[in-house]
Amino acid sequence: MRLGPERVAVTISGRDKGRLTEQDVMVVDLQGQAVDSNARPSAETLLHTQLYARFPEVGAVLHTHSKNQTVASRLYAGAGAIRLEGYELLKAFPGNETHETAVELPVFANSQDMPALCREIDAWFESGRTMHGYLIDGHGIYTWGRDMPATRRHLEAFEFLLACELDLRRLRS
Amino acid sequence: MRLGPERVAVTISGRDKGRLTEQDVMVVDLQGQAVDSNARPSAETLLHTQLYARFPEVGAVLHTHSKNQTVASRLYAGAGAIRLEGYELLKAFPGNETHETAVELPVFANSQDMPALCREIDAWFESGRTMHGYLIDGHGIYTWGRDMPATRRHLEAFEFLLACELDLRRLRS
Amino acid sequence: MRLGPERVAVTISGRDKGRLTEQDVMVVDLQGQAVDSNARPSAETLLHTQLYARFPEVGAVLHTHSKNQTVASRLYAGAGAIRLEGYELLKAFPGNETHETAVELPVFANSQDMPALCREIDAWFESGRTMHGYLIDGHGIYTWGRDMPATRRHLEAFEFLLACELDLRRLRS
Amino acid sequence: MRLGPERVAVTISGRDKGRLTEQDVMVVDLQGQAVDSNARPSAETLLHTQLYARFPEVGAVLHTHSKNQTVASRLYAGAGAIRLEGYELLKAFPGNETHETAVELPVFANSQDMPALCREIDAWFESGRTMHGYLIDGHGIYTWGRDMPATRRHLEAFEFLLACELDLRRLRS
């Protein structure tokens, strides 16, 4: 969650995400460096700060790994993106006034090289395409918004839409 | 929920449906116009008031968007309706004394033009066919009943029957 | 649940099974006739009393309609029975000391004629085959045991085994 | 759970695993013999003590039977093992620093002859292959770790990975 123009709260590396307390959270700057702390931030901190640095209006970033996110990322990694269309719930994303639209959810390869992964994500933004989130193959989703409630809404929408999309694929096969 | 012959309680537009309190509810007349309130009713209010106006015995209308409802609406939009038969639970709907019956659940296209959508729904009623609910493609279900417990029972029955119908389709493919 | 050699507690007809209290339960004899009560017992009471009358050691009978039970009953109604084998959990049923056994779960047609349905069930018992429960097509399961904990265990075992069997069918298709 | 170099706490035979209290637990030695107790340990105690005896660093062993574990064991019993690769979550197992690895989960036949089953499991270890858990066909999973939190993490990881693997198989068929 963003705390200020150059300050972000992230999770300390290795903490049990199911039992987080205030003691498991630390502050970093937009380069992902610890501020007033000796703790080590989570390995994927750069993926978070990349979004806060690029979009001053972003107030929160969430990263989760549900079964649907993981399975969808594996299935669509070859295609490079999942196209979501025809759902009323696409209105949950900013800029979508009607459901007669499509949202593209890219799938990036799961690299341990964070700067290389950041460059791939940057290239997507630079190409002029919009995205409200992305998957990492075999890993999970990242999504963001102006504040925590908006970001949770985007996460919930992606989870629901991926569940529908996978189920339609099972049923149409 | 109906409050009287010409008065209905509906949700105010844009409120988080997972956290509704009394402050998120307003009163409208059977044309969907606000009564004693400056709040804006939900965009789909006309779909609710259409049912209260046509059927004086309807005391409650529910609209939800579960995964099964959304997936079924996408799968059967082309056919225009889902035919449910052979289930004991069909007795949950009024007028069904035995399970040796069938219930048709129509799927209407998802239009942003509410009056046009209302006319399509009216046409179904005018054709003399009964329905206890309908789906809107990519969106969700509407169902109704004489009071809230009956309407919840119809909703629960449709949700269960759609889950069974989709699973049978997966298993028979 | 059995209360004595000739007395059984059953649910009063039409009560909401999700909100049962003591006031929703009545006593019947082994012919399904109300004892000291003007209430009407559930339409399926004869299916319960048939089991208490035939097997003096039966202390409880449970009837439920889950999605897996309903879907399995529809899928296997043509075959007349589901054969469950190769599962450790088959040991949950009395008389099964090892998992190297099979349990047959018959599926009977869903008849509104309770005496006729009882005769079909009797015919299965008379044929010398054992069963620990049965399905009714499109409707649900009946299972029984020496007391309520044993009967709940049988119900839980059938629910789990049907879930596995359906999933294996989805995966092997 | 290990209590000391030669002492292990296991469940008493036949207790309801959903309602365990301290009174349902007993102490055995590394040969599975009761220590200071007349209670009979669970039939599968040898599978637990085999792991504590072979690996002094193992502090806990867990055995569960979920639907996914049971279904996966049935599906992969013929192949003898499930190969899990391409998942970020493989890092949950010790020695896996990256997700660019594979974990093999063997499936052993469900034998009532515990010493024979132990020899099969020993043969796998003797062959020099690593494993972090194994399935028994039609039955469930065993997994272990240095303490209870690590063992729960391994169990949760296997459960999640099996769910993904089965779902990918459904979707790719």
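Per-chain numbering from 1; labels A, B, C and D assigned in written order.
The rule is simple: a residue touches a chain if its C-beta (ideal position, glycine included) is under 8 Å from a C-beta of that chain, and two chains touch if they have at least 3 such contacts.
This is a predicted model, so every value here is computed, not measured.
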Partner chains shared by chain B and chain C (touch criterion as defined above): none
Homomeric contact chain A-chain D: same or different residue positions, threshold half: different
Chain of greatest Cα-centre distance to chain C: A
Distance from the mean Cα position of chain D to that of chain B, given in whole angstrom: 48
Rounded Å distance, chain A centre to chain B centre (Cα mean): 34
For chain B, residues that touch 2 or more chains besides their own: 170, 173
All touching chain pairs, where touch follows the definition stated at the start: A-B, A-D, B-C, C-D
Residues of chain D touching chain C in the complex: 65, 67, 70-71, 74-75, 110, 112, 136-140, 166, 169-170, 173
Residues on chain B engaged by chain C in the complex (per definition of touch): 86-89, 98-100, 160, 163-164, 167-168, 170-173
